[in-house]
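In the two assemblies presented below, subunit A is common to both, partnered first by subunit B and then by subunit C.
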Partner chain A sequence: MNFRHAAWGIGLAALIALPFVYRDPYHLHILVLILIWSFAYTAWSIMGRFGLVSLGHGGFMGVGAYVTALLWNHLDVSPWIGIPVSMVAAGILALVVAYPCFRFRITGHYFVLVTLALSGIVLQVITATRDYTGGSLGYTPNRARSGSGLMALQFDDKTTWYLIALAVWVLGLLMWRWVDRSMSRYAMEAISEDEDAAAAAGVNVTAEKLKITLISALMTALAGALYCQYQMFISPDTVSGIAVSLQMVFAAIVGGLYVSLGPTVGAIITILLAEVLRIGFGTKAVGWDNLVYGLLLVIFIIFLPKGILGSVLDRLKTQPKPSGTK
Partner chain B sequence: MQGFLDIFDIYLLEAVVNGILLGGVLALLALGLNLIFGVIDVTWICYAELVMIGMYGMYYMVQVFGLPYWVAAPIAIMLVAALGALLHYIVIAPLLTAPPINQLLATGGVLFILQSFATVAFGIDFRNLGIRLPVLAIGDMHFSYSRLLAFIAALLGMLAVYFFMTRTYTGTAIRAISQDRQIMSLMGVDTKRIYLITSALGGALAGLAACLLVLQYDVHPFVGLSFGPITFLICVLGGLGNFVGGFIAAFVFAEIISLGGLFSDLEWGYVLAFAFFIVMMFIRPAGLLARRS
Partner chain C sequence: MLTVEGLVKRFGGFTAVNNVSFRVEQGEILGLIGPNGSGKSTIFNMLSGTLTPTAGSILFDGAEIAGKAPHRIINSGIGRTFQIPRPFHRLTIFENVALAGYYGQGRHSRSKADEAAERALRMVGLPTDRHASVDGLGAAGLKKLELAKALATGPKLLLADESLGGLDEHEMDQAADMLRKIRDELGITIIWVEHIMGVLMRVVDRVMVLDHGEKISEGLPSVVASDPRVIEVYLGTDADSSQAAAAEARRRAGV
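Right, the complex of A and B next:
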């Protein structure tokens, strides 16, 4: 396995070195977006891979983004404190909704629809409190006074943002790997097969599910807050609601739910697709990217439910290895 | 003080009646979705988008081709019914044995397709039929005829479905399949055909809802999002596949939205309805009318 570690190390070193040798701001901007969204999709797939399909992650992301921005604008609280607060808020929201869900055995379709209601609530609350949040017109965090960029977590150069996003993305992968190697993974797999059997075998079903949900919600809120700090503009449609939730599900499935880099591949494909269509068609492209997304989603679920990366890796594994090579 | 109370009561009454009128259309939508769920065991996340396509159909037939409303409506209903059958044939049929979550997500993909198809084909402008129905005034209360018409037509539509389900052979077969899907194919019922008919029927109900909603609301590609989620919540609250439960839940939801909107903004009405739904899920997870097993 040393070869694998070396490959990861070299890949990571290349990614860190990238902005110092290649400085095209547009391409760096796309990379930052890909990294932030990859992190969000990874967060979703941490629970999605165990059959806990949530459409409430748009809500967690919205809480992360709006709580951070509102604390900064109205109470002058630095995002360094605001982001943890927003994560705690999203975590509490997740616990309040998820605990009864798991306690009362709300699974499958019903769980999907309860979480759908959750992201609906967050979207409507943001729109309804338009005196504070700007409603559907969107919201902009105040610019920091010059010289206090670090305190306000606002940076003008793309390189800094690229490194922050890269660090967070690596953190997401490490979390994924940690869950993948923990006992929780086996417990969750048993639960997704048969809850009663898992409970009989000594798995604390409610606690295990809550743990995974909490991790996933906290990470999603962090992604929302980072997105807000980077873009300096958020609107209910871009960071919350059902459309964002579906977008997460879609990217994770296209990339591959069951492998750690799957959501990242999903983010690369979806964001590049949107950008290529936008540049190729200009303003006429409105709608085309989603049309292609939707078609791909349907085709993938029917023909490739493991996603692109998952299917490719499966293909590689099942191929008979010629003897002699390692 | 007395005068204040009088005015307050009249607004309250108006909101209650408007809630009932809204409930009729929501009940129609919930019936279509429940039918699909009860018989085929699939949730069409894109159900409201079928309604949106139907509304565009009405808009083009009435505004662009100049057909009268009464001619356009049956065509729109048939169009959406065909779309429903097509959706089943292309997307759902290959996934019938897949895990339920995959079916749900595939229809989520169809939601994207229909929304962006409408964006690409029709643009994102708000459009309406340009038909203004008069307003009915009773005392100090005002009700629009379009809502009244929608309520009555929705009730008639539901009645028609009821008679179809109880009085015809096909309807009986549909009800039988929703009770036991394995045994019915052994009884000589062509399950595939029944599924297709059910999908078309569900589509037809969406088409009828489209004809009624287009009188009250402007059409745009994202109009489905404004009543789609509510429809799912109604179905779940009533118990997925439970027709009577869905009917009652539709009116409960409509009243919450209408009364919540009376005391504050309309969005808070929705927030209240969503919160009510989540709380109800914990109290009665299998729906309002579920018997305790």
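Right, the complex of A and C next:
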């Protein structure tokens, strides 16, 4: 146990120190992307690990990114306020979609389909309101007037962004761990197996599912807003829509749904894959990553359902170690 | 403590429970018997909130609970088991019961939930080891777990849907003794559903017989066991076997 804490401490210290000794901007850029997407995938897996497979998270991410950017550009609202507002908007959207699903017991494949529609609808809304959002051409937050970078949450410095992304990523892991150790995990595991039996144990099934969905949606919206602030350019393809949702599912499953660092491993793989394809094949390979995702997803679900990290950790456990460590 | 008036449940054109009324007094064990499809489980599902009655009222401790959400009913002091055990395989035995101890008693504190789980596990005779897996349990063990989950919710009234089929005679007797012990030691009122008559008759204070969704008899086990209507509808009309079964039921009831 102490060894574990020490390992985490040393790892985190190394990650914090990294940008001060290693300054290659391209590599830092890749790391920032990995951290932001890791946070998004972690957000997805917080509910996904309990069988609540959502293909609507692209929608939450899009709301996070676009609401923040629109408030800034049109109403001069600082992202410091805009981000919480966008998270609340995504949270309301999540409740509006999820409540009827949970109340009327839309589960399994049907739940996936409803959330798929959510992704599609958010994408359509962004495209249809192109006068405001730039439609499929994308959207750029206005540059802050000089000196107000902090207010506008805009930094040219990669190191600053790296540290912000790192902090948010750690927050994501802490949320994951908090859920993992709470009674909510018991309740959600029970619900994912048998809703009636969970209710007979006194669990308010609808409320528990809503709670976990809300946490997941709020985190995802935060990821979208941060991505927007970092990249200073968003388009429906990069922060919303079905492709983004599928990418979350893919990364979480490939990395490992049931371990806290699984989604992070998934992010490392997806982003490196996208970069390799982009550099190696350029524009000829547009869309190839999706093809590879799809193929790998099928292979993983059949052969490695616990994901890469989950399977590796299983192997490493030479002696059967109790799961609920106290 | 429980007063059921004119309870009706229809599924489309099919009436599963037709105008059933009964009372359960504090501290008694009421047996609920009847052939398959007689409406026993439907009544249980209405009492525990899994089904909403088509008509009728269910008063528990003076409050109407008909149609309330299951978790509210559980939290108001009714615990239930399922006929076929429904454990959560992704949780350990202890976590299964601690879950019920936490959510079934108004989500007070984790340590209270753990205490409730330990008490319940000890009561039914399962190990309180925190890491034991559900998958190691046999049929009798799963029934005990089901009971421990229900007990951990801190019920005043326990709805025990005990199908003892699948257990051998010794295990059946143990299960019956367990229910009596729960009533005697914890003061929990029990409604016990079963379709094997003999073992039930030995333990219950009163028995109620259902057939095709209607109550056809109610009273002391010895009286009900010799009620010709009960013998006819419950044990069948095949004279020889029904006579033998009735005799067996009377013998076990100690008449």
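The criterion applied here is as follows: the second predicted complex is superposed on the first by the 316 of 326 C-alpha atoms of A that agree within 3 Å, B and C clash if a C-alpha of one lies under 4 Å from a C-alpha of the other, contacts with A are read in each partner's own complex, and residues count from 1 in each chain.
Definition applied: contacts are C-beta pairs under 8 Å (C-beta built on N, C-alpha and C of every residue); 3 or more make two chains touch, one makes a residue touch a chain.
All values reported here derive from a predicted model rather than from experimental measurement.
Trainee: For A:116, select first, second, both or neither according to whether it touches subunit B, subunit C, the two together, or no partner.
Mentor: In the superposition, A:116 contacts subunit B only.
Trainee: Which one hits more subunit A residues, subunit B or subunit C?
Mentor: Of subunit B and subunit C, more residues of subunit A lie in contact with B.
Trainee: Output check: A:187 vs subunit B and subunit C. Expected answer is one of first, second, both, neither. What do you get?
Mentor: A:187 sits against subunit C, while subunit B stays out of touch.
Trainee: Once chain A of both complexes is superposed, is A:9 in touch with subunit B (first), subunit C (second), both, or neither?
Mentor: The answer is neither, since A:9 touches no partner chain.
Trainee: By the touch definition at the top of the document, which applies to A:302: first (subunit B), second (subunit C), both, or neither?
Mentor: In the superposed model, A:302 contacts subunit B only, not subunit C.
Trainee: Looking at the overlay, does A:200 come into contact with subunit B only (first), subunit C only (second), both, or neither?
Mentor: In the superposition, A:200 touches subunit C alone.
Trainee: Contacts for A:280 in the overlay, against subunit B (first) and subunit C (second): which applies, first, second, both or neither?
Mentor: neither
Trainee: Based on the A-chain superposition described above, do subunit B and subunit C contact any of the same residues on subunit A, and if so which?
Mentor: On subunit A, the subunit B and subunit C contacts do not overlap at all.
Trainee: Over in the complex, which subunit C residues touch subunit A? Could you list them?
Mentor: These residues of subunit C touch subunit A: 48-50, 69-71, 74-75, 80, 82, 86-92, 95-96, 98-100, 102-105, 107, 110, 113, 130-131, 149-150, 153.
Trainee: Help me check something: in the complex, which residues belonging to subunit B touch subunit A?
Mentor: 43, 91, 94-95, 98-102, 104-106, 108-120, 124, 221, 225, 229, 232-233, 236, 240, 264-265, 267-268, 270-271, 274-275, 277-278, 281-282, 285
Trainee: Which stretch or stretches of subunit A touch subunit C in the complex?
Mentor: 183, 186-187, 189-190, 192-194, 196-205, 322-324
Trainee: How about subunit A: which of its residues touch subunit B in the complex?
Mentor: 51, 53, 97, 100-101, 104-106, 108-110, 112-114, 116-118, 120-121, 124-125, 127-128, 241-243, 246, 249-250, 253, 286-291, 293-298, 301-302, 305
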